[in-house]
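Each of the two complexes below includes subunit A, the first together with subunit B, the second together with subunit C.
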Partner chain A sequence: MSHRNFIWICLLPLVVVTAAFFLLPMAQLLAVGAGGSRGMSAYLAIITEPRYRATLINTVVLAAATTIATLVIATIAGLFLQRHRFPGRAVLIAMLTFPLAFPGVVVGFLIILLAGRQGLIGAITAAVTGEKVVFAYSIFGLFLGYLYFSIPRVILTVMAAVQKLDIGLEEAARSLGASPWAVQRDVVLPALGPAFVASGAIAFATAMGAFGTAFTLATNIDVLPMLIYTEFTLAANFAISAALSIGLGVIAWAILALARSMSGGAVAAAG
Partner chain B sequence: MRDRLIFAGQLGFTLLVAAFLVVPVVLSISAGVTVNYFRGIQSGVTLQWVVQVWNLYAGEIGLSFLIAFATLAVTLVVGVPAAYGLHVKGGRLSRVIEEIITLPLAIPGLAIALALLLTYGGFGGFRQSWLFILTGHVVFTMPFMVRSVMAVFASVDIKTLDEGAASLGASPWTRFCNVIVPNAMPGILAGSLMVVTLSLGEFNLTWMLHTPLTKTLPVGLADSYASMRLEVASAYTLIFFIMIVPLLVAMQMFAEKGEKK
Partner chain C sequence: MSGIAGHGAAVHIENCGKTFPDGTQALAPASLDIVSGETLVLLGPSGCGKTTMLRIIAGLEKPDAGGRVLFDKTDMTAVPIEQRHVGMVFQSYALFPNMTVAENIGYGLKIRGVDKAARAARVAEMVALTNIGGLENRRIDQLSGGQRQRVALARAVAVRPRVLLLDEPLTALDASLRDRLRSELNSLLRSLGITAIYVTHDQAEAMELGDRIVVMRKGAIAQIGTPREIYFAPQNRFVAEFVGAANIVEGPVSDGRLTLPGGWLALDDAVDNAAAVAMIRPETIGVVAEADAFLRGTVESVAFIGDRERLVVTGAANKPLTVDAPNTINVRAGERVGLSVTPQAVRVLPKED
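Now for the complex of A and B:
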């Protein structure tokens, strides 16, 4: 057997599996999306239909808020952890990164324990002010859930990027009389730009498409994945749910592709 | 003095973030072993909820491991040779293939699950079996295996080793088994850990693809969150943590070892 043929035999199973269980289903999804009573205009419904548009805006605003909050929090913590050595640092890093692979459903439950009807925040506020604060099942609960699973990922990226920074540049800026704040603003933060773009895009795309957390917190949170789910299972509206999920997929993919072309690294969402 | 204040402020902030991540986990673990969570830990410590979860959901947990290892087997058999092929072949076609198999990382699991349902939902026997969930997990985890193995190939100059063995008369198959796979081992192990961890925790796809007879561990979790008392849900979460945390720790150790190299 020639080397060339052997390479093809190596690739063949992957091509077959990908074609059968990814490309073909995706093509079918596209076809179903266009095959409903609306025809091709189903793909525009995500923008033209007021109800869907409101959900889309909701989802984008929530994902953007998650991204910004995560970047701010992770940058402060990541810079601190990478620049200082102190006892307990390794434990602290472990605590901040271990929720990395928690599924969305579990994160949803953790938010319920924190801010749900029997939650810790409710118990504390009830004891202090006499009024029980419960927000797990609202959009703010979902926001906290998305923060929960974005923070570990972004902290890791920021820490890796800080490690690669040239400390000489900061020392030079300082020796030229720049204040600590000016050094951060003009030297450190710009150098971390690519890391912000890459990890921010992941946080955004993940928050757009995450389903497990919203599903657990459920009730009346109006985000795109929940809308697709209810259209498909409860309304059996296959064409619209297919078109909406194509729209969601395109948005998530475009954000990641854009970030990749801007930062030059590999960028992928996870969920 | 000012530096100390800044240090204290940053440390306080970081501790607060760590508390946000850790406190709910501690709550969940303690609720899982408390007799009555509403009355608090003074009501007593018990393993009854853990036992109850085991009795109720052992099937789900077993199926999750079956699917995780089947996913691992498929991604190994399909993904490792493909990573080698993509690396050696290079060129535009390889990049296109790599790009396509990476798409499931960007497209939400919900969309992939809908696509699978709309395409294969009509094949009753396939739809009803756990193999249907397996296909979803394979599509979702394949890029992690392929990219993890390709990352190793990029760093060990596999082409020279391969050509050296070829010039000594080794057949492609012998070379693959005796030269390529041993050299790719770190990537294969890292990829395997990733695949098993992701498969065990996968919910977005699985929730759409499961049937009442093919429920996995995370599907059971969602089920218990919706319909069981808080202690049972917590005990189930505790069991999940016990299964997933060793995998996460192993993955982190691997990543650190890789960085040091």
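Now for the complex of A and C:
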């Protein structure tokens, strides 16, 4: 057996698995999407149909807001945690990354416990102002849930990037007269750019596709994964749900690809 | 002198020590005076406290209670680095990767609100001064190590600092480039007339660049002096051995003579009749005929180094002596030789525990 053949034989299981469980279902999904009463135009429905379009916009806005808020919070926390040593630091980091272990349903449950009809915030506001504040089932509850599981993913990446940052750069900037704000603006944030793009892209894609939290909370909000679920299970509209799935995948993939090319450029520029 | 560099401050350091939170003392309380326009070198092995001293002067470290740093008689101890108006050059260069060469050099001026035209003029002046013409629009990752160091120097000098602080700026470069940049840096510092404090572990760098050298050891100052004083009149064994090559000999002293296994040495310094330790530089020992000398030994090895012959002579002192002889000398290993040493070349060192 030649060396070349040996490598091909080793790769065979991977090829079979990829074909059977990834390529075939994808092809089938594509075919189902085009096989409904609308034909190929099902793929455009995500944009042309007002209800679907509104849901798409909802989802993208929510995912973008989650990503931005997560980056802001995780950067401040990551910088602090990486630069300071204090008692309980290790425990705090472990706690911050704990939500990684929770499925979306549990995150949704936590939001309901916090801000639902029987929730903590509701009980406190009812006692203090006489009016019960409930936002678990609104877009803000969903946003909070997404934030909860996005922060750990981003904070770890940011902390790793901060650790690699040459402290000499900040000292050099300060010696040249830069205030603490100017140092952050001109030196630290540009140096963390690639980490922001990479971890932000992951947060965005996760938020776009998150289902468990939305399913647990969703009473009056529609996001794409929920729409796909209802079209598929309740309306039995296979073609549309397949087309929507492809649309969701393509949009998330495009954003990731864009981020990767941007971060590639930024990494090259940063040397 | 104030044209291109601005006025160099006189720096006064008073009782500055540094103890880290874990209790280790990086620097014992020390005092230093640096004259305006002087280049002072802090020299010592790693962990001797030289970088800590520099960082205290820069304002990157706070001295322990009781320590004070003054620039031109103004107390700067509580002033943060960004308001001290110093220039810093780091071993790692610490150039901003997201800016071009020109933006790096102009950064301090931009932060200070200097307008664009004045900034461009000053950047051009610095580019000419440090010989990096043509690189202005390059990114930092497109520069060689030597070019990066020039940019770092230009950036630090551009703001007309009161004190220029250099932390092992040449250590990361290869040997031949280091020698060239060292002499360039030397003429630059002389022409600028700037007050400069230069940290290094390389004694050749310290000798060439320093108006004065502060030799440091284990968080304390071992000796302060001009390069000549440090080399010819070391005050202790550490300085003698750290700066240049040194033969350390010891033996009993009587009537101004130090007795060694191979004879004796006449002493210039007044020494009590007791055991003494002395230092002799290898190039101050002359090789003569055995009959003409009061100190004799056997040549163990001869190494041709180019500009001189390095001999190792045994039997003369308690330990083999290193002798740097002219490269025209004709001796072979195994030969008996006489050694001539003038009394001035024998430096008696103070007793140490």
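Things worth noting here:
Here, the second predicted complex is superposed on the first by the 260 of 271 C-alpha atoms of A that agree within 3 Å, B and C clash if a C-alpha of one lies under 4 Å from a C-alpha of the other, contacts with A are read in each partner's own complex, and residues count from 1 in each chain.
The rule is simple: contacts are C-beta pairs under 8 Å (C-beta built on N, C-alpha and C of every residue); 3 or more make two chains touch, one makes a residue touch a chain.
Source: prediction; values computed, not measured.
By the document's definition of touching, of the two partners only subunit B reaches A:98; subunit C does not. After overlaying the two complexes on the shared chain, residue contacts for A:186 are found with subunit C alone; subunit B is out of touch. When the two structures are aligned on the shared chain, A:198 is found in touch with neither subunit B nor subunit C.
Contact with neither subunit B nor subunit C is seen for A:227 once the two complexes are overlaid on the shared chain.
Ranking subunit B and subunit C by residues of subunit A touched puts B first. With both structures placed on the common chain, the touch criterion links A:214 to neither subunit B nor subunit C. In the overlay built on the shared chain, the residue A:173 is in contact with subunit C alone; subunit B does not reach it. When the two structures are aligned on the shared chain, A:11 is found in touch with subunit B, with no touch to subunit C. Common to the subunit B and subunit C contact sets on subunit A are residues 269-271.
Within the complex formed with subunit A, the residues of subunit C that make contact are 58, 60, 80-88, 90, 92-98, 107-108, 111-112, 139-141, 155-156, 159, 165.
Put simply, subunit A touches subunit B in their complex at residues 1, 3, 6-11, 13-15, 17-18, 21-26, 28-29, 32, 73, 76-77, 79-81, 84, 86, 92, 94-106, 108-114, 118, 120, 147-148, 151-152, 180, 205, 208-212, 215-216, 218, 225, 228-229, 232, 238, 241-242, 245-246, 248-249, 252-253, 256-257, 266, 268-271. Residues 6-7, 10-11, 13-15, 17-18, 20-25, 27-28, 31, 37-38, 74, 77-79, 81-82, 84-86, 88-89, 97, 100-112, 114-116, 118-120, 135-136, 138-139, 142-143, 146-147, 166, 171-173, 176, 197-198, 201-204, 207-208, 218, 221-222, 225-226, 230, 233-234, 237, 240, 244-245, 247-248, 251-252 of subunit B touch subunit A in their complex.
Taken together, the subunit A residues at the contact with subunit C in this complex read 166, 168-169, 171-179, 182, 186-187, 190-191, 193, 269-271.
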